[in-house]
Every structure is written in structure tokens, then in C-alpha cells.
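In the two assemblies presented below, chain A is common to both, partnered first by chain B and then by chain C.
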Partner chain A sequence: MKQLIKLAWRNIWRKRKRSVIAIVSVAFAVIISVSLRSLMLGNYDKIIEAGVKSTGHIQIHAVNYWKDKSINDLINKDGELPNILQNIRGIKKIMPRLQNNALGAGENTSKGVMVNGFLPHVENSFTKLSNRLVKGTFIRDTSTTILISEGLAKYLKISVNDTLVLIGQGYHANIAAGKYIIQGIVKLPNPQMNLMNVFMPLQVAQDFSTAQGLISAYMIEVENDDATKAIKSKLNSELNNSYEVMTWDEMMPEIRNSERIDTIIFTMLASCLYLIIGMGLIGTILMMALERRKEFGILQAIGLQKTQIQLVIVIETLLLGLVGIISAFAVAIPFVLYMNAHEIPLTGDSGKSFVAMGVEPVLQLGVKPHLFVLMALIVFSIMLVASLFPVLFVKRLKTSEAIK
Partner chain B sequence: MTSKLAWKNIWRNKTRSLVFIIAAILGFAMALFTLNTMKSISQQRLSDAINIQTSYIQIHKAGFMEDREINFTIPDAENVMAKVKAMPGIEIVSKRISCNAVVASPENNIACEIKGVMPQEENEISVLKDFLVEGEALNNNQNSPILVSKRTAERLKLKVRSKVVVTIKASNGEITGGSFRVAGIFVTPSTPYDESTVIARYNDLQELSRIDEPHELVIKVTDPNKVIEVQMAIQNQLTNQYQVNDWKYLLPELFAFDGFINMVGMLFTIIIIIGLGFSLMNTMNMIVQERTKELGMLRAIGQGKWSVFRMLLKESGLMTFIGAAGGIVLGIGFISVASKHGISISEGLGFLGIRPIIYPTLHPGLLIMIIVLAIVLTVIISTFPASRALAIKPQEALRD
Partner chain C sequence: MKFINIILASMLLFISPHAFTQSLTPKQIVEEAYYNERGNAYSLNISIKVIRPSWSRQLDCKTWAMGSAYGMMLITAPAKDKGVSFLRIRSEGWNWLPTIERVVKISPSQMSQSWMGSDFTNEDLLREASIVNDYEHKLLVEENYAGTLCYKIQATPKADAAVVWGKKIIWIGKTDLLERKTENYDDDGSLVSKLTKTDIKLTGDKKIPTLLTMTSQNKVGNKTIVVVTSGNFRAAVTKSFFTQNNMKKVK
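Then we have the complex of A and B:
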């Protein structure tokens, strides 16, 4: 066997140029597809991370709340729910929230805003909202002042210490209205969110919406991301059907949907590429065999089994693929790692279209080991298919004719 | 002479040539199909947005686009409209009020943009009426009508004829409210538009907001290809306090996305052709190597070295040409089948304004791009192996 591998290795380098081109073509396909997919997946990691920070891993609402987000579908903050949640394993933290829509008015302009009531000291260690502060200071649970997002501040032309007037509808058709002093301005990564969010202590929000003791959601942080689904079903079995339990991807289906369309685009590109590279390899390897007709004949004449010759061909082909994969990884692994550590900000048109999709305009590659394995498997399968033709050719070869 | 030779040479090794040609056909066909599908998605988003939301050109008071202040109305709007209407290339001009509002029903409330439109003109400018799923478009006989999206109707639990209260900040700074009745419910391909827009009659909203002039003049042109010319002509007629913009400015994200798609398409094509290039390079390499003796002979009997070089380039060019031509035919075939039956892409991309079923069409620009890139890359790639033939010395090549 060792002998055969040696033979195969030497055979590869008999036609140096041809083998180098074949290896480079394999490496090209692998490098392109790995980098591209790492880029896509890296971006989704960012989107998901930002999404989960804004919704939590799981939320519990009154049944049917999420669909309409009606201010009338609220749940009790205290009562049975917190007790049940505390007894479920894997839940790291529960965070009450009260959300409502309102019209926010500055001096001359007004804009629809989302009013978020939350407990700053509880939520901040999860959402890290205070890190996003660009002006002013962070609020406390007992503050009567508020935070607004940076885009909104710019739009309404207001800043720290100015007053924001909010008008909307409260619980059970009460009028919700209030004036609030702005204590800080936060910059949210999602550009659409950055244009429309107001944050205030839960108590203040409950007063605003006339919803004493009520919240629209319990946001849940789980200890381990992978347990999200399991904890959801546990919650479903523990809670009665006046509640709905939703995971982050159910609340933000657009993330999964756009991921799906990216997967389709990538699959199309990658299959085009591998198809073409694969055809090239099949052609090359077939030619390699056809040229060596006489040589195969002689090898048989001096006593090699057909299976041994076939084995040499298969080894040769796989070695070619292996060298291709190794050289691709030698380039791709450092590249992906480097690009994972150093993100590139996007400017110009492509940056704008990212912003429009609600994505921070930066490129950062994700490190996905399974991708490398997948690409290696694809290359090996192509190589196996490619070696099939010469193997069949040898099988049909007649020694006496071949050496003529 | 060299062409004929090149053609005959291709078929000397049928297997090798066919493998390459099939790869090229499949590569070009898939590239053409994929690119056109992506381009069609981007074009569909754009044309939906233009036809439903912005039309081709809009006029605002300078500064309105940035601040959207309720008092940034268009001075002397009637006069401006008359002036624009008299210009060539204009199909229709209409005025709109646009302000932020809270729309409330007893059940719920949402914050959104309310547009006040002239019913008759608006129906000619916007195709929104085609997207009505219930009720009817605005007309002058209704009593304070309002159009809401299905999404909004669900959130506010509204039906046709339901009453809603619209709260806005009027021009005198007071917060004021008025009640409207739902006349129609629409569903457009764009979820963000649906979630953030309600439409009322110009006069009703004018009364509520107490402004005298509109915020926005919307212009539909007769020839969409001449938008820039018309836009420039209008701007030249007006002073600097008016800002005239075309859809590229009004829909920057969609325009940018279209550019992004073009870039992705170009990259896609280059990658595919480089992939093909490897096969081509190997094939050409083998050819030169196998035929060293023969090429030497050709030189010896008096062919110039450039004529041999040309023959080899023609050989690779011809193979790529057959592959490309076949691929384009196949690709167009794919596209025409898909344009008949539609490709269902994932539901739930409404937040990007993408329809769930897409009917791809052939974009000639893409076809030209693929052909040009194919020619350029083929020449570059096959020059390397072919140039080896230049170095062949007849006496050495013929020796053994």
C-alpha cells in the first residue's frame, strides 16, 4: 500500500503544470466558497446577537399579544408567573417590560415612537444598553427621566435635558400623555430601531399607560443558547394557555427568512462553481488515464493486478484533492481568522443597502469549522466521481492491445 | 485558414473538448439564470416602490426631506403645479400632505405616517388601488375616508367602515385629533410601507393640520427613461427654495440595493468564468504539449509564429464560444420557463418589499456583461498556454 501511495504521489508530479492547475482550481473553489459563506454566516451571527439583545431568548406574553402588540393584552408583573419562572432550570434572568406606541413631539417635529418601560438595573447586564450611551447618563429604576435613541433625538432636534412630549393611548383606552426630561441618548445598532425608541423606568411607563402592576412581556435570558427550544417547551407545559411563549426567531422571523434566501444564493453559486471545477477535474483526470494507456498495459504485463492499478489511480486523484484542500485551508483558515478579528466597515452604496435591511454596515467573517469539513467532503466526492472514469477505463483495458 | 484548422483541431479529441464545452454550457446557463433572477427581484422591489409610493419625481420645500417639519410646506404650490403641468414629458402632477401621526382605535394604537392625497389624481399616480383587498379607493363622496393596510387593520381590529382617531401635531404646535372612517384595506408587497402608512383625503387632513400648502408634489413622467432630464428641467424652472428629486434620491436603499445586486452579479460571473478558466488552461496546456512536434512542423513549413498563436487562441475561443452560446440559449430557456411559472422564493420577505413569487425576466444588460467578461477572460486565460507555442523552436521540436 505504501508503495502504491508513493507511486501515485510521483505520478502526480510527472505532469507538474497540469497537476498544479488542478490543485489551484480546487483550492480556488474551496477558498471562494468558504470565505463567502463565512462572511454570510458571520453577518447573521451579528444580526442574531443584536436581535436577541433586543428581545431576549424567550418572551412570555398574554396570549396573542405579539401579533397585534395591543396595549390591552397585558399580564401581571407579580402573581404566579415570576414564581413559576424562578423554578425552571436554565433560566438566567427574567426581565419585565412594558411596551406601547406613542407620538413623540419635540419643538417643531413629531414622530411615532416605541415606548419601552424596563428595569434598568435588571436589564442592563443583559442588553448592555448603558454601553450604547453617546450622551448624558444612564437612568435608574427610580428615575423619572428617560433615554431616547440617537436617531430619534436627531429627528426631533432634541438633546439631553430637553423635554419630550409623548401622546398615545393607554390601557383600556385611557389617554396616555406625559412630558419627560431626557437624561441620556443611546445609539442602537439597528438603524430602524435607532429612529424610534424611548426607554423609561418601568414604573414611569406604567404611569404613562395607566397600567399599574402590568407588563406586556417577561423577557427571558437563558443560561445556554442551545437550550432555548427545550426551555420553551418546558414553559409551555408549565403555563396555562392564557400565556404565549415565543423564542427570538419566532418573534423575528425575518432573520430566518433572509438567512434562507442567502443560503439559496450561496448554494446556487457554490454548486455552479463546483460543477464547473468538477467538470474540469473530470476532464483532466480522464486525459491523464487516456494518455497512459500503454503504460497501464505494461504495468499489467509485468504483473500488476488491475485492482492495484485502479487503486493507484484512485489514490492519485484523492491525493490531488487532498493537496488542493490543504493548500486552500492554508490560505482560508488564516484569512477567516484574521477577518473575524478585524471587521471592515462598509461605506457607500453597499453600506446603505445594509442599513436599509436593518443591519449594521460592517463585514465580519464568522468562524465555522463545519464549513471546512463540508467543503472537504464535497471535494472528495468530486474526486471520487472523477476517478470513476479512469477506473472503468482500466477495467476494460486489454493488456495485449494496450501495449501494441 | 487558421479558423478552419482550429475547428478541426477541437474535434480531434472529442472527449476532452466535450467535457469542457458541457461545463461551459452549464456554467453560463446557471450564471445567466441566477443573475437575472436576482436582478428581477431588485427591479420588482424598485418598480413596486415607485408605482405605489414615490412615483418618479417629487418636489418639496428645501429642507423638508431632512426635518419633515409640518410647517415646511411648498410655497405657492398651485402656481408651481401649473408650471410643471405645462412642461413636456409630464403625465400627471398631484399634491400630498405628509405628517407623522398616531392612529388609534378603541383596541390599540400605532404610530405611523399619514398622507393626505387628492383622490382622483392619486389613483392615476399610484397603483395602490390595485392592492386593495377590501373596500374601495378614496373618492370625493365619502365622509372622512382613510385607507389602512391589512396589517394595521388587524392590529387595531378594524373593518371597513370602522372609525379611527388620528392624532397629529398641527401647524400651530397644538396636538389635535380627528376621526376617520376606514374606506379600504390594502396589502402591498412591502411590509414596512404597510406598517407605517395610512392614507386620507387631502382636504380632510388639511383641515386637521391647519396648513395652507402641501408638503409634497408628486410627478409621474411619460417616459421613465427620461426622468433625469425632466427633473433637471423642473429644477431649472424653480428657485432654490424648491427641492426636486428623482426616485433614486427618494428611495436610496432600493437604488443602493440595485447597485449591490449588480456588483454581486459581476462577482458571480467572474468567479464562474475563472472556474471555467482553469479547465480551459489545462486543456490548452495539454494541447500545446501534445502537439509540440506538430506545431514545430507547422512552423517549419512556413507558418509564422503569430499565425500559430492565433490558431491556438481561436481554438480556445471557439470552444468557449460554443459553450457560451449553448449556455445562453439554455439559460434563456430556463428564464422563460421560470417567467411563465414563477419561482416561489421564501414567504415573509415582505419586510424587504420582496414578493413571495418572482417572475424573472431577461435583462439584456446582464447578457452583455456576461458576454464581455467571457471574451476578456478567455483571451487572458488562454494567452498563457498559447504563448508557450510562441517559444517553440522548429528545429528542436522536430528533432525526436
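Then we have the complex of A and C:
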């Protein structure tokens, strides 16, 4: 066997140029598809990260809250729920939130706004909202002042230390009205969000909506992203049916959907690429077998079994693929790692389109080991298929005719 | 405000001398009924109960009106909303919110929204006496409703009227000419909401329905009940009472 592998290896380098071309074409296909897919997945990692920062990994609401987000579908902040949540392993942090819609008014203009009540000291380490501060200072749990988004401040022509008037409907048809001093202005990456958000300490939001002790959601951060689904089903079994438990991808199905579309596009592209390169390889290997007709005959004549010859051919093709994969990985792995560590900032219109989705405008390749395994498997299967033709050819070969 | 309209009283400029002697046209019946519940001017104490399947909430209010053009309402309870007032002059409305010290104009886009979370819309409350002037009236039949012989009148909006309903069907007591029930239909002819008026009692010096129930048809278990607790149909209010300035200090 060792001898056969040695033989195969030497055979490869008998036609140096042709082998190098075959190896390069394999490597090229692998490098292109790995980089492209890493870029896609890296991009989705960013989108998901941005999304999860705004919703948490999981949220718990009153049943049916998410459908129309009514201020009348609230849950108790204290009581059994936080106790249950604290006892579930894998939950890193729970963050209460109270959201309501209102009309925000400055001096002369007004605009529909989203009022977010939250606990600044609890939530900030997760959402990093304080990093988005462009003016003023961050609020504390006990503040009576508020933060507003930058676009809203511009629209209403108000700034730090001005008063924002909010009017809306509170819990159970109470009037929600109040005036609040603006302590800080935050710039949110998503332009739509940037135009409509008001952040205030939970207590202040509860007073505004007359919803003492009530919240619209518990936002949950899990320790390990991959455990999200498992924790959700655990929560579903522990909580009664007056609650609804939703994961980030259920709250933002658009992310998963566009990822699915991209996966399909990638699969089609990669299939075309591998089909073309696979055909080339099959041709090369078939040709190699055909022009060695006499050689195979002599090998047989001097006593080599047909199966041994076939084995040499299979090993040859697989070695060719292996060398291709190794050289591809030798380029692709450092490249992906480097691009993962050094993201490319996007400027201009393409950068803006990222910002519009609320995502940092950078290109960063994701490091996905399963992708490399998948590509290696694809190349090996192509090589196996390619070796089938010469194997059949040898099987039909008659020694006497071949050595003529 | 319509419910000021609806609710109340009148002393009419015109009770026509022939009213009870000659047969009335459908329009006259509606007009009589409209004015029988209202006067030239009135003040009333009412309580409004908003009922939802899982909760309910009560507001106590004082209302004033003069003619069909002027209306004022002040919330007196619960404590958190005390001092909130609404002013109507013809079809325009304003809302005074003491917590933010502002008078807010009720914009056209808010007209179709619920008033204070009740089953009444702002438009229900703010629209002028359109039931008399904006509709064509047709007497359908005389029938018994809740033990009283009533005129059943169908009101369809005039072509140029800015009205949200496709039609209204109104039951008006034949002897007392007081409205008993109104059904509101949309353009497709399906029932949207129903207002019943019961408990006819002497209030001030007029006999008026004192229990009004607005039921929403597409939301099961949702209704709003208005109870008139006391009233005065000789209230001394003048035009100068109905101003934005007065909204802030009215008691």
C-alpha cells in the first residue's frame, strides 16, 4: 500500500504542468467559495449581533403582546417571573423594559415616538447605549431625566437641557402625559430608530404610562448564543401560558429570511463553480488515463493486479484533490483569519446601506470551521467521481491489446 | 362633543307648536329628539365607565354645552387625571393637560381614534349636530323597542357630508320623542357600534335618558357606559365660558 501511494505521488509529478493546473483550479474554487461564504456569514454575524443588542436573545411578554404591542398587555416586573428566570441555567442577565408609543413635542413640532423605559445600570453593559452618546451625559436608574435619539432631537429642534413633552395613552386608557428634561442625546445606527426613540428610567416610564410595577418585556441575555433555542424550550416548560417566549429570530424574522435567500444564492454560485471545475478535472484525469493505456498494459503484463492499478489511479486523483485543498487552505485560512481581525470599513453608498440596516458599515469575514470541512468534502467527492472513469477504463482494458 | 350632544338636553329654540298635533316628518322627529335631550345650555355631572374583557376604568366628569356649537368637559376623578379638560367649538377640539401645562389641538388624524380609551371616538364627541343636518331621514316602521312604541328611522348621509358612517338606524319613542337606540353601520352595511339610551329620569327639569351604553360590535366584551348623575338645564353659561383660557381654570 505504501508503495502504491508512493507510486501515485510520483505519477502526479510526471506531468508537472498539468497537475499544477489541476491543483490550482481546485484551490481556486475552494478559496473563492470559502472567502465568499465567510464574508456572507461574517456579515450576518454583524447583523445578528446588532439585532440581538436591540432585542436580547430571548424576550418574555404577556401572551400575544408582540402581535400589536398594546400597552394593555403587560406583565409584573416582580413576583414569580424573575425568580423563575434567575433559576434557569444559561441565562446571564434579565432586563425589564416598558415600551409605549406617544406623541413627542418640542417647541413647534411634534412627532410619534417610541418611549423605552429601562434600567440603565442593568442594560447598558449589554446594549452599550452609553457608547452612542453624542451629547450630554448618560442617565441613571434614579434619574428623572431622559435620553433621546439624535434624529428626533434634530427633528424637534431640541437639545440637552431642553424639555420634551410626551402625550399618549397609558395603561388601561389612562392619559399618559409628561414633560421631561433631556439629559443626553444618543445616535442610533438605524436611521429609522434614530428618528423615534426616547429612553427613560423604568420608574419614570411606569409613571408616564400609569403602569406601576408593570413591564412589557423581560429581555434575556444568554451566556452562550447556541443555547438560545434550548433555553427557550426550558422557559416554555417552566412558564404558564399567560406568557409568550420569543427568540431574537422570531422577533426579527427578516434576518433569518434574508440569510436563507443568501444561502440559496451562494449554493447556486458555488454549484456552478464546482461544476465547471469538476468537468475540467474529469477531463484531465480521463485524458491522463487514456494516454497511459500502454503503461497500464505493461504494468499488468509484469504482474500488477487490475485492482492495484485502479487503486493507484484513485489514490492519484485523491492526492491531487488533497494537495489542492491543502494549498487552498494554506491561502484561505490565513486570509480569513486576517480579514476577521482586520475589518474593512465601508464608505460611501454601500456603507450607508449597512447603516440603514442598523449594522456597522464594515466588511468582516466570519471564521466558520464547518465551511472548510464542507469544501474539503465537496472536492473529495468530485475527485472520487473523476476517478471513476479511469477505473472503468482499466477494468475494460485487455493486456494484449494495450501493449501492442 | 357628541356625547354632550347625545347626552343632553335642550330647550329648543324650536319646539314647533304643531309638534304634537300634526304628524311629523322623519327629519322633524329626529330634530325633536335631538333637542329634547339638550337645551340651550346645560351643565351635567356624568360618570363614564370603560369596560374591557379584562379590566375597567371609571372617569367622573362635568360637562357644559351651549347650543349645538359649544361644549366643555372637565375630568374630576380619578385624582391623576383631575383637571384634564376638553373644549369643543363647532367641529374643532382642544385638550388641556395640566401635567404638561399645554392645550393640545385634537388634529383631524386623531378624529377616528378612541376618546380616552373608550368606545367613543373623538369624532363621536366632537362632531356637531350632524344627525339633523347631514343626513337624509326615512321613517322605516313604527315598532316596539324595549316596551315602547318607537319610530324606527333610517338616516343616510347626504352626498356631500363628511360623515364616517354608511347609515344610522335610530329608534325614537313615539310619545316622548326621546331617542332609545342608535345603530351605526359602515359603508358595507355591517353593524359597527350600538348606542342604547335607557333609565329615563327627571334630571334638572327635563326627562332624559340617564344611562347610555356604547357597545362595539367587532370587539367582544368592549363597552362604554355613561351615567348622568345630575344636571341643570338652566345653567348660566355664555359664549365666553367656552374659551381655551377657561379650559385651564374651569372647576
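Just so we're on the same page, the second predicted complex is superposed on the first by the 382 of 404 C-alpha atoms of A that agree within 3 Å, B and C clash if a C-alpha of one lies under 4 Å from a C-alpha of the other, contacts with A are read in each partner's own complex, and residues count from 1 in each chain.
In this section, contacts are C-beta pairs under 8 Å (C-beta built on N, C-alpha and C of every residue); 3 or more make two chains touch, one makes a residue touch a chain.
Predicted model, so just to flag it, every value in this text is computed and none were measured.
Engineer: Could you tell me whether chain B and chain C fit or clash when both sit on chain A in the superposition?
Structural biologist: By the criteria stated at the top, chain C and chain B clash after superposition.
Engineer: Which partner does A:I325 reach: the first (chain B), the second (chain C), both, or neither?
Structural biologist: neither
Engineer: Give one of first, second, both or neither to describe whether A:V394 is in contact with chain B, with chain C, with both, or with none.
Structural biologist: neither
Engineer: Hey, is it chain B or chain C that touches more of chain A?
Structural biologist: B
Engineer: By the touch definition at the top of the document, which applies to A:N72: first (chain B), second (chain C), both, or neither?
Structural biologist: both
Engineer: Looking at A:T210 after the superposition, I want to know if it touches chain B, chain C, both of them or none. Which is it: first, second, both, neither?
Structural biologist: The second partner, chain C, only.
Engineer: Going by the contact rule set out at the top, does A:N101 touch chain B (first), chain C (second), both, or neither?
Structural biologist: first
Engineer: Between chain B (first) and chain C (second), which, if any, makes contact with A:V24: first, second, both or neither?
Structural biologist: After superposition on chain A, A:V24 lies in contact with chain B alone.
Engineer: Let me test your reading of the model: by the given contact rule, A:N257 touches which partner, first (chain B), second (chain C), both or neither?
Structural biologist: Touch partner of A:N257: chain B, not chain C.
Engineer: Kindly classify A:N174 by the partners it touches after superposition: chain B alone (first), chain C alone (second), both, or neither?
Structural biologist: Only chain C; A:N174 stays clear of chain B.
Engineer: Need the overlap of the two footprints on chain A, from chain B and from chain C, as residue ranges.
Structural biologist: The answer is residues 72, 105, 165, 167, 169, 173 of chain A.
Engineer: Please name which positions on chain A make contact with chain C in the complex.
Structural biologist: 72, 105, 165-167, 169, 172-175, 177-179, 210
Engineer: In the complex formed with chain A, which residues of chain B make contact?
Structural biologist: By the definition above, chain B touches chain A via 15-16, 19-20, 22-24, 26-27, 30-31, 34, 38, 67-71, 99-102, 104, 106-113, 154-155, 157, 167-169, 173, 175, 196, 252-257, 259-260, 263, 268, 271-272, 274-276, 278-279, 281-283, 285-286, 345-349, 351-352.
Engineer: Where on chain C does chain A make contact in their complex?
Structural biologist: Contact set of chain C toward chain A: 50, 52, 54-55, 57, 80-81, 84, 97, 99-102, 104, 114, 116-118.
Engineer: For the complex, which residues does chain A have touching chain B?
Structural biologist: Interface residues on chain A, with respect to chain B: 17-18, 21-22, 24-25, 28-29, 32, 67-72, 101-103, 105, 108-114, 155, 157, 165, 167-169, 173, 196, 253-254, 257-258, 260-261, 264-265, 268-269, 271-273, 275-277, 279-280, 282-284, 286-287, 290, 349-353, 355-357.
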